[in-house]
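Look for chain A in each of the two complexes below; its partner is chain B in the first and chain C in the second.
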Partner chain A sequence: MKKSLKYLLLVPGIVMLVVFLVMPLLSTIMPTVFDQGFSLKAYIDFFKDPYYVQIFMRTLRVSLIAAIVCIILGVPTSYFISRCHPKWRGLLMAISIFPMLTNSVIRAFAWINILGKNGVINTILMNLHIIDEPITMLYTEFSVLIGTIYLFLPLMIITLVGVMENIDNDMMEAAESLGANRLTAFFKVVLPLSLPGIIVGSVLVFTGALSAYTTPSLLGGTKNMVMATLINQKSTVLGDWTGASVIALIMIITTIVVMKVLNYIAAKLDKRGESNA
Partner chain B sequence: MGYIRLKDIRVSYDNKNNILEGLNLDIQKGELVSLLGPSGCGKTTTLRVIAGFIEPNDGQFLLEDEDLTHVPVHKRNFGLVFQSYALFPHLTVFDNVAFGLKLKKLDKNVIQEKVDAMIKACDLEGLGQRFPKELSGGQRQRVALARALVIEPKILLLDEPLSNLDAKLRINMRIEIKRIQKKLGITTIFVTHDQEECFSISDKVAVMNKGVIEQYDTPEEIYAHPKTEFVARFIGFENFIPLKKKENHVYVGENGALFHVDNDVDCQSCQATIRPDDILVITSVDNKENILKGTVEVRTFLGKSYQYEVATELGRVVVNSSNEHIYESGQDIVLLLPANKIILV
Partner chain C sequence: MRKNKALLIFSIFVFAFLFVPLLIIVVTAFGEAPTITFPIKGFTFKWFANVFKSKAFVDSLILSGKLALYATLVALLVGIPAAYAISRFSMKGKGLLKSFFLSPTIVPGVVVGYSIFQFAILKLHMPVFQGLLLGHFLVVLPYIIRVVGSSLEQFDFSIEEAAWSLGCNKVQAFFKVVLPNITSGISAAFMLAFINSFNNIPVSMFLKGPGISTLPTTLMNYIEYNYDPTVSAVSVLLMLATIVIMFIVEKTLGIAAFTK
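Now for the complex of A and B:
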């Protein structure tokens, strides 16, 4: 085949990308920055409105806390799973991933049953006379957070187990022989070597939480809107498609910024510049 | 009384099969002792008992008469070199070597000094800021050694540290290990399944088989006087001929042939063993003893000699013979087994 001809093979791919990715993206961006000429007015208006800023901040906060909690819960769990006998590892992985196999609406309802006024927790606490009045847990930022963590923890675990499995046990033993107890060895060896996995996992959890719709809309109610539910309200309820596009773009930019920051931190901490051992 | 003592060690991973069984070993201070044996015989397991990664089901591990059997790994202060080296990929050579010293919370300047000295001693100068990935196999090996030695361990444990290196580097590195070991006077246990490597660097060798030590002696003694058939086979004896005792130093084969043996042992019926190199092919039969008659079955060329498989009245015998006389298969030949080369097991 002629050298120039081989580029023809790229055509179908490029057409796909343009039609299904570039064009929709452009048609989303264009109306938001054109108002009789180029203008960022729509964005400035968004950040001038305290109501919107509050939703933006809540979304960021929930996503960040979810990512952090997933790291804290995921790291020890994944380490445990990665050190298990392969026979048990598969089973434990299946159990951790299981929540991902059920529909997110059903999962949210499960939490409504647990956290609600007449839910499991309140019933138990009241029957034990620890509290007199039911605690409000449902339709708060707390319930959104719980639902989000539950939703995305499996992603963190899958990612981390993959990375931690490849950390040779010899390395832990070497650290121990040099005078480190198990915990020190974990912090000095396993944790730094898992860093690439922690970063990837956090990006997955953060971006997932940022764009999650079902969980916050079912567990957060109308008082605890996040960006995704706001987009839905703007577009389908209010028919304000330009407004919805503005929010969508803010989310995209936020995601990019957060990923850049995490990559920067990763590069700083991981001096080798390469993630694999 | 040894510096290191293993007393009646029994290890079982599944509580059914014993991997180590009644293993005893005494090692003097400053010695380099090798554990030699085929794959799966329990060398690594023995080393891991000493290092503290495995608690034996029975038995004791003593160091200077102090019972360390249940002391955790990180409190033992033993230097370990793994077959895989197990260097920390996220740390530079300097930080790898400094790892143990930092855990001891030594002063920064002291650490710098000790690490620099060790890097120099292990011939790693100028590589301090490199990451393990950026080193050759031999350099990684030396980093692993430096990291284990810099903590001034009471014992140095090496598990097949040379098996990932090419033949030439292995020889250089084993000389290097021996040199550093003697210089520091550190008691060392070296695991290997390479007989030559083991003989060349060890003060003493423990030949292991199926979880027990079959013979524990100097390399010279093991080479010249293997005590069991297993040890003899492992170090290159190939011919085993059953004999019965007639009188002291005189044995008789099943066919009535007499064999004089210089190294007599206390046994009534045993096996005579001899290396293929030590058997002579002779043409004239002038004495009647230590003689085996047979027919050449297979001839193979080994380079500096030919190897013959000979069918004799006392079974199959393997002989190495120089290139001067070549015997064809089917030819009848006479073998002389010198009395000073026969070992009884």
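Now for the complex of A and C:
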């Protein structure tokens, strides 16, 4: 009875996932590797074409830089939030969470207003007579990068605050009383202890940025495509369904590889921490 | 603790980076000029009126609300029993099973939308709305499994066993003892799932048809061809709704519910 019950509870979910996730994925991906027998030709062709390689590399580059910048901006800010008086901490967390709950179209739109030809930055610079004609900032890789950082920084901050809140203040004081200055204490005590959070945050930012669609689509235009916008162009604009499916599998595999690599690094660093202790 | 000025200034800079872009949108929503300018000239509410006059925005708002609600409810119906079974029973491959239920997260949203479009709509001739519902179901299911799962992990199952020994059958015990104890987890999961479905673009991108377009998709198409403050007005309305939701959540579940 008990045994049948537990499977009964799991069956609806498993069936839904198999029928509506696994089967659709297989049915789109199978034709890309089976063309009169097993063949990876479609994938080899993809990586032989400089145009696609450039898009693939741009996707990786933007995701990597975004993750690094999110760490650089996120670590001190999260540390600040976690050391705040609880009364302020709630408010600062709310300020960090708010952009995350705001639609990504709106968040990309915000940067169209700022970086556009008649946008805020150009208007200010022209009024101050620093420049004579607008600088092109929108529809560049730079704008995609800014938009991506803007999109994922809150996620990094929230993940890090969760870890840093658990670091005991006494640890810092101990380090300082033993002669470390604040900065040294931060790098020797807080940073190593926040490493798991930094890794989790990086996985979230990197994989999120890899598959982000809205931001590159609105801020990058057609000249700065990434994998997610390429899949859309291939299928709905060009009607090349096999080509789109090839990109789909490359995206899934890249996501999994990135997760595995970062988790591997995390495990390595963890061990090193233990042997040092 | 001594004040650290450098850290304070750095943090203010980061918070400004997070907030100023959104504030600029709010300001531009009230400008009179037919294209977005900053700083604004004049002051008007006409763009807000414009939003409600537009059939496309109103219809897609209703569609998005319905879609998020249905997708979340289906995911709860499927997800709560699964999360219960995973945390309650010992079985082989428990970890694997859990990762299977969380697997939609490793598939990029664009790919989910694309493969459902190909498989369910083109091959099985499923109506677009059902396809959309399925896509959103897949997006929100992991939230349910994760949040309800973690609240079940904190539940002391000996209470359920006590209910059994006092004469409740399994179904009664679940509804009378387990469910009331995980309501805050379920509410948090509901809210996260609803918001994420409501805001989703990548999955919805492929799944649109005549008269079927979600609010974010409509907004995105609008931005591609127009640059007037109507978009700012829609954004302000959505941000107000977000503030209301955050306020309610803070008063009931606590702000930490968003970080689950």
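The rule is short, and it goes like this: the second predicted complex is superposed on the first by the 255 of 277 C-alpha atoms of A that agree within 3 Å, B and C clash if a C-alpha of one lies under 4 Å from a C-alpha of the other, contacts with A are read in each partner's own complex, and residues count from 1 in each chain.
By definition in this document, a residue touches a chain if its C-beta (ideal position, glycine included) is under 8 Å from a C-beta of that chain, and two chains touch if they have at least 3 such contacts.
Please read these numbers as outputs of a predicted model, since none were measured by experiment.
Counted by residues of chain A touched, the larger count belongs to C, out of chain B and chain C.
When both complexes are overlaid on chain A, the residue A:58 reaches neither chain B nor chain C.
In the superposed model, A:210 makes contact with chain C only, not with chain B.
Legend: residue contacts after superposition of the two complexes on their common chain; A:189 is shown touching chain B, with no touch to chain C.
By the document's definition of touching, of the two partners only chain C reaches A:114; chain B does not.
Of the two partner chains, chain C is the only one touched by A:162; chain B is not. In the superposed model, A:170 makes contact with chain B only, not with chain C. On the chain C side of its complex with chain A, the touching residues are 1-2, 4, 7-8, 10-11, 14-15, 17-19, 21-22, 24-25, 28, 35-38, 77-79, 81-82, 84-86, 88-89, 91, 97, 100-101, 103-104, 106-112, 114-116, 118-120, 123, 134, 137-138, 141, 170, 195, 199, 201-202, 205-206, 216, 219-220, 223-224, 227, 231-232, 235, 238-239, 242-243, 245-246, 250, 255-256, 258-259. Contact residues of chain A toward chain C in the complex are 2, 5-6, 9-10, 12-14, 16-17, 20-21, 23-25, 27-28, 73-74, 76-77, 79-81, 83, 90, 92-107, 109-114, 118-120, 123, 150, 153-154, 158, 161-162, 169, 182, 207, 210-211, 213-214, 217-218, 228, 231-232, 235-236, 241, 244-245, 248, 251-252, 255-256, 259.
Of all the residues in chain B, the ones that touch chain A in their complex are 51, 53, 72-80, 82, 84, 86-90, 99-100, 103-104, 131, 133, 147-148, 151.
Taken in their complex, chain A has these residues touching chain B: 168, 170-171, 173-181, 184, 188-189, 192-193, 270-272, 274, 277.
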